[in-house]
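Two complexes come next, and they have one chain in common, chain A, joined by chain B in the first and chain C in the second.
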Partner chain A sequence: MDFIGAYSPDHIVFLLKGFLVTLEVAGISILLSFLLGAILGIVRYTKVPVFAQISAIFVETIRNLPLLLIIFFVYFALPEVGIKLSITWSAILALTIFESAMLAEIIRSGLNSVHKGQMEAGRSSGLSYIQTLWYIILPQGVRRMVPPIVSQFISLLKDTSLAVVIALPEMMHNAQVLNAQNINYIIPIFILVAVIYFIVNFALSLVARRLELNM
Partner chain B sequence: MFKNRKFLMFMLLSVLSVLVLAACGGGDKESKDKDSGAKSKSSLETIKANDKIVWGVKNDTKLFGLKNPSTGEIEGFDVDIAKELTKIILGDETKVEFKEVTSKTRIPMLNNGDIDSIIATMTISKERRKEVDFTDVYFEAGQSLLVKKGSKIKSIDDLDSKTKVIAVKGSTSAINIREKAPDAQVLEFENYAEAFTALKAGQGDVLTTDDSILYGMASQDNNFELVGGKFTEEPYGIAMKKGSDDFVKAVNDALAELKSNGKYNEIHDKWIKK
Partner chain C sequence: MLDFTILTDNMGMFLEGFKNTLIVSLLALIGSFILGTLIAVFRIAPIKPLNWIGTIYVEFFRNIPLLIILFFIFIGLPVLGIRFSGFQAGTIALTVYTAAFIAEAIRAGVLSVHKGQTEAARSSGLTYIQTMRYIILPQAIKIVIPPLGNQFLNLVKNSSILTIVAAGELMYQGDLISSRTFVTFDVYIFIALFYLIITLPLSYGINRLEKSLAKSN
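Showing the complex of A and B:
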C-alpha cells in the first residue's frame, strides 16, 4: 500500500473532478425524479382513471428491477430503437426512471397517511377536490415525507456510482483510473472515496434533520 | 368531485402529450443525422470529410491506454500507435480524438457511430469477427500466469480443481483459461487493478491475462512473478464497423509503413519492457 503516492495533489483533484460529475448527475436526477415521482405518486393517490393504472404499472415494474439493469437497458438497448443518448444523459435517465418510482411510493404513502376525514372535512366546507388536496392534504403529508425523501436522495447520490459500468466519468470511475496507475493505490484510494461520500451524505442528513425540526 | 377529477385528467393528458411529442421530435432528428452520414459515403470518405479519426481506447489499462490524472490525457502503446496511424492517413497527428471505452462498451459504441475505430487491447477472435472488421495484428500478446513468489504453481499444468484463478471480465483470457485448465475455478473481476488486489488479498491463487499487462504489475510489486511462459497467442487487432473495407485497408497500409520505417519498434520499446 502506498498512501503517499496515492494521495498526491493531482490525484485528489482528479477524484474531486469526478465527484463534481457525481454531484451534477445526482442533482439533475434528483430534480427530474422528484417532479416525475410527485406526479406519479399524486396520480396514484387521487385514483384518476387510466393514469392511476399506468402509474401503478410503471411504479411496480421499475421498483422490482435492479438499477444496474435499467442503466444497461437505457445505454445499450435504447439506441437499437433509435433513441441515442450521451453517457451522462443515459445515466440521468436511468436514475430518474428508477428513483421516481421509489419517490412515487414515498409520496403516495405520505398522502395516504393523512386521515380520510381531512378530505371529507375539506370537501364539505366547500373546497374543491384539488383545493383540498393542495391546501389540506399535501401540507400535512409533506411533513411526513421529508425524512424518507431525503434518505432516497442520499441513496440516489450513492447509486450514481453504478454508472461506472457505462464509463460515466464520476468519482468511482476516476478512482478506478487512479487504481490502474499503480496497483498499490487501490486501498488508499477506496478509503479516500469512502471519506468523500461520507462527508457529503452525512451533511445532507444533517440538513434534513434541520428541515424536520423547522416544520 | 367528478368534474374536478376530469379536469385533473385533462391536465395530465396535455402534459403527457407534450412529453411524447418532445421525445419523438428529438429522436427523429438524431436518426436523420445518423443516416445522412453513414449511407451516402464509405467509412474512409466519411473520416476524410470529418478530417478527424475518433479512436476508442482503454483508460484504465497500464501500458496500453491509461489516463494521466495530472494532464487528463490518455497515454500508452495503443494511443501512440493510433496517433501515428492518423498521421499517415490524414497527414496530421493532431486530427485525433480519443474516447474512453471498456470491454463492455466498445462494440456498442462502434456500432452506434460514437467512435470510428477500436484500438483497445482487443484480441482478434472468431466470435468478434462476426460483429466487427479487424485489421492485421498490431500487437502479439500471449496469456501467462502471475503468482506470489514461492507459490507451488509453476505452469498451466499445475492448475487443478483446488486452484482459484483470477481473470478479468469480458476478456478472452477468461475464456481461454476455462479451456486450458477446465478443472480450475475461475473468478472474474471488473478490471486489472481489482483483479491484482484480489490476488494480493489471497482471494485466488493465480492471476491470468496477457503477459504484457502482467509484466507491468510485477514491476510495481516485486512479491509477484510470472510463471510458465505464454500458453496462448493473443493477437491484438484494430476493429472497425462491419463493411469498412477501405478504412481497414488504409489502416493496414499505414501499419505496414510504421513497421518498415522503425516507428513501430520505437513505440513498442517505449512501453513494453520485459
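Showing the complex of A and C:
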C-alpha cells in the first residue's frame, strides 16, 4: 500500500473535483425532486380524484424499485424509445424520479401530521381550501418535513455514487480512475473516499438531529 | 407494447436471477440481524468503551455509500491477498452496511421500553442480562419488527448493486439478457416486475403491521 503516493495533492484535487460533481448532481436532483415530490405529495394529500391515484401508483412503484434499475433504465432503455440524454442528465433524471417518490411520502406524512382541527378551523373562519392549505397547513407541515428531507439528502449523496455505472465523473468514478494507475493506491484511495463521504454526511446528520431537537 | 416472448424465452435466466436476489437478501438479512443485534448491545450496554465502538460503527457505515464497502471488499481486499467471489463480497458488503441500520432500529426499540421496567426488574432481583432477556426484549421486539421489515425491503433493492461485481442476481441476469437480445426497454420492465413481486407485498405488509401496532398502543 502506498499512502503517500496515493494522497499526492493532484490526486486529492482530482477526487474533490469528483465530489463537486457529486454535490452538483445531488443538488440539482434534490431541487427537482422537491418540486415534483411536492406536487405528488400534495395531490395525494388533497385526494384530487384520478391524479391522487396516479400519484399513489407512481410513488408506490418507484419506491419499491432499486435505484440502480432506474439509472440503467434511463440511460440504456430510454434511447430505445427516442429519449437520449447526456450522462449527467441521465443521472439527474434517474435520481429525481427515485427521490421525488421518497420526498412525496415525506411531504404527505408531514401534511398529515398537522392536526385535522387546523383545517376545520381555517375553513370555518372563512378561508378557502387552497388558502387554508397555503397559509395554515403548509407552514406547520414544512417544519416537520425539514429533518427527514435532510436525511433524504444524505441518502441522495450516497446514492449518487451508483452513477459510476454510467461513468458519471463523480468521486467514485475518479477514485476508480486513480485505482487503475497503481494497485497500491486502491486501499488508501477507498479509505479517503469513505472519509470524505463520512465527514460531509455526518455533518449533515448532525444538522438533521439539531433541527429535530428544535421542534 | 411489451414483447412477452423476451420473457418466456429467457424465463430460466430471469428465475435464476430472482432466486439469487432472494438468497442474497435472506443471507444478508440473517447476517445483519446477528451483527446488528451485537452492535445494538454494544451501544446499550453500560460499558463506555463498548458504547464508543458501537457508535463509531453505526455512524461510520450509515454515512458512507454501500458501493464503497462493496468495492473495498471486492477490489481493495485482494491487494492484501484476501479474495472473495462477487457473490460473497456482495453478501458481506450488504451485511456490514445493513447491520448499522438494524442496530439503530433495535436500539430505538429497546430505548422505547419505559425505564421503570428496567428499574422494577432490577429491584426485584433480576440481573441486567435477565432483565434484558425476559423483560425488555420481549416488549421491544414488537416495536422493532416494522423497521426490520423496512430494512429487508432495502436489502432486496440494494442487492441490485451486486450486478456491478457480476454476482448473478436479478439485475445482472437482466443485463445479460438485454446484451444478448439487444432489447433493453422490455427487459428492464420485466426486471422491475420481478422486483415488485418481492417488494410490493413486503411494503404492504409492513404498512399493515405499523397501523395495527399504532392502534394497539
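Here is the rule we go by: the second predicted complex is superposed on the first by the 204 of 215 C-alpha atoms of A that agree within 3 Å, B and C clash if a C-alpha of one lies under 4 Å from a C-alpha of the other, contacts with A are read in each partner's own complex, and residues count from 1 in each chain.
The rule we apply is simple: contacts are C-beta pairs under 8 Å (C-beta built on N, C-alpha and C of every residue); 3 or more make two chains touch, one makes a residue touch a chain.
What you see is a predicted model; the values in this text were computed from it and never measured.
Asks: Clash or fit: chain B against chain C, after overlaying the two structures on chain A?
Replies: Clash - chain B and chain C, as placed by superposing on chain A, overlap.
Asks: Tell me the contact category for A:178 with respect to chain B and chain C: first, second, both or neither.
Replies: The first partner, chain B, only.
Asks: Figure out whether A:51 sits in contact with chain B (first) or chain C (second), or with both, or with neither.
Replies: In the superposed model, A:51 contacts chain B only, not chain C.
Asks: Touching A:117, do we find chain B (first), chain C (second), both, or neither?
Replies: The answer is neither, since A:117 touches no partner chain.
Asks: After lining up the shared chain so the two structures overlap, which partner does A:186 touch, if you call chain B first and chain C second: first, second, both or neither?
Replies: Touch status of A:186: both partners.
Asks: Looking at A:60, would you say it contacts chain B, chain C, both, or neither? Reply first, second, both or neither.
Replies: It touches chain C, and chain B stays clear.
Asks: Contact-wise, after the overlay, does A:76 reach chain B, chain C, both or neither (first, second, both, neither)?
Replies: Touch partners of A:76: chain B and chain C.
Asks: Looking at A:129 after the superposition, I want to know if it touches chain B, chain C, both of them or none. Which is it: first, second, both, neither?
Replies: After superposition on chain A, A:129 lies in contact with chain B alone.
Asks: Hey, which part of chain C ends up inside chain B in the overlay, 9-17, 45-53, 81-89 or 117-125?
Replies: 81-89
Asks: In the superposed arrangement, what residues of chain A touch both chain B and chain C?
Replies: 76, 165, 176, 179, 183-184, 186-187
Asks: Taking the complex as given, what residues does chain B use to touch chain A?
Replies: On the chain B side, the touching residues are 1, 4-5, 7-9, 12, 15, 23, 27, 30-31, 34, 59-62, 66-67, 69-70, 100-102, 104-105, 108, 112, 190-194, 196-197, 200, 217, 220-221.
Asks: Show me the residue ranges of chain C that touch chain A in the complex, using the header's touch definition.
Replies: The contact residues of chain C facing chain A are 59-60, 62-68, 71-72, 75-76, 79-80, 153, 156-161, 163-164, 171, 175, 178, 183-185, 187-188, 191-192, 195-196, 199-200, 203.
Asks: Considering only the defined contacts, which chain A positions touch chain C in the complex?
Replies: Interface residues on the chain A side: 1, 60-61, 63-69, 72-73, 76-78, 80-81, 154, 158-159, 161-162, 164-165, 172, 176, 179, 183-184, 186-187, 190, 193-194, 197-198, 201-202, 205.
Asks: Report the residues of chain A in contact with chain B in the complex, numbered from low to high.
Replies: That would be residues 10-11, 13-14, 39, 43, 46, 48-51, 75-76, 79, 82-84, 123, 128-130, 165-167, 169, 174, 176-187 of chain A.
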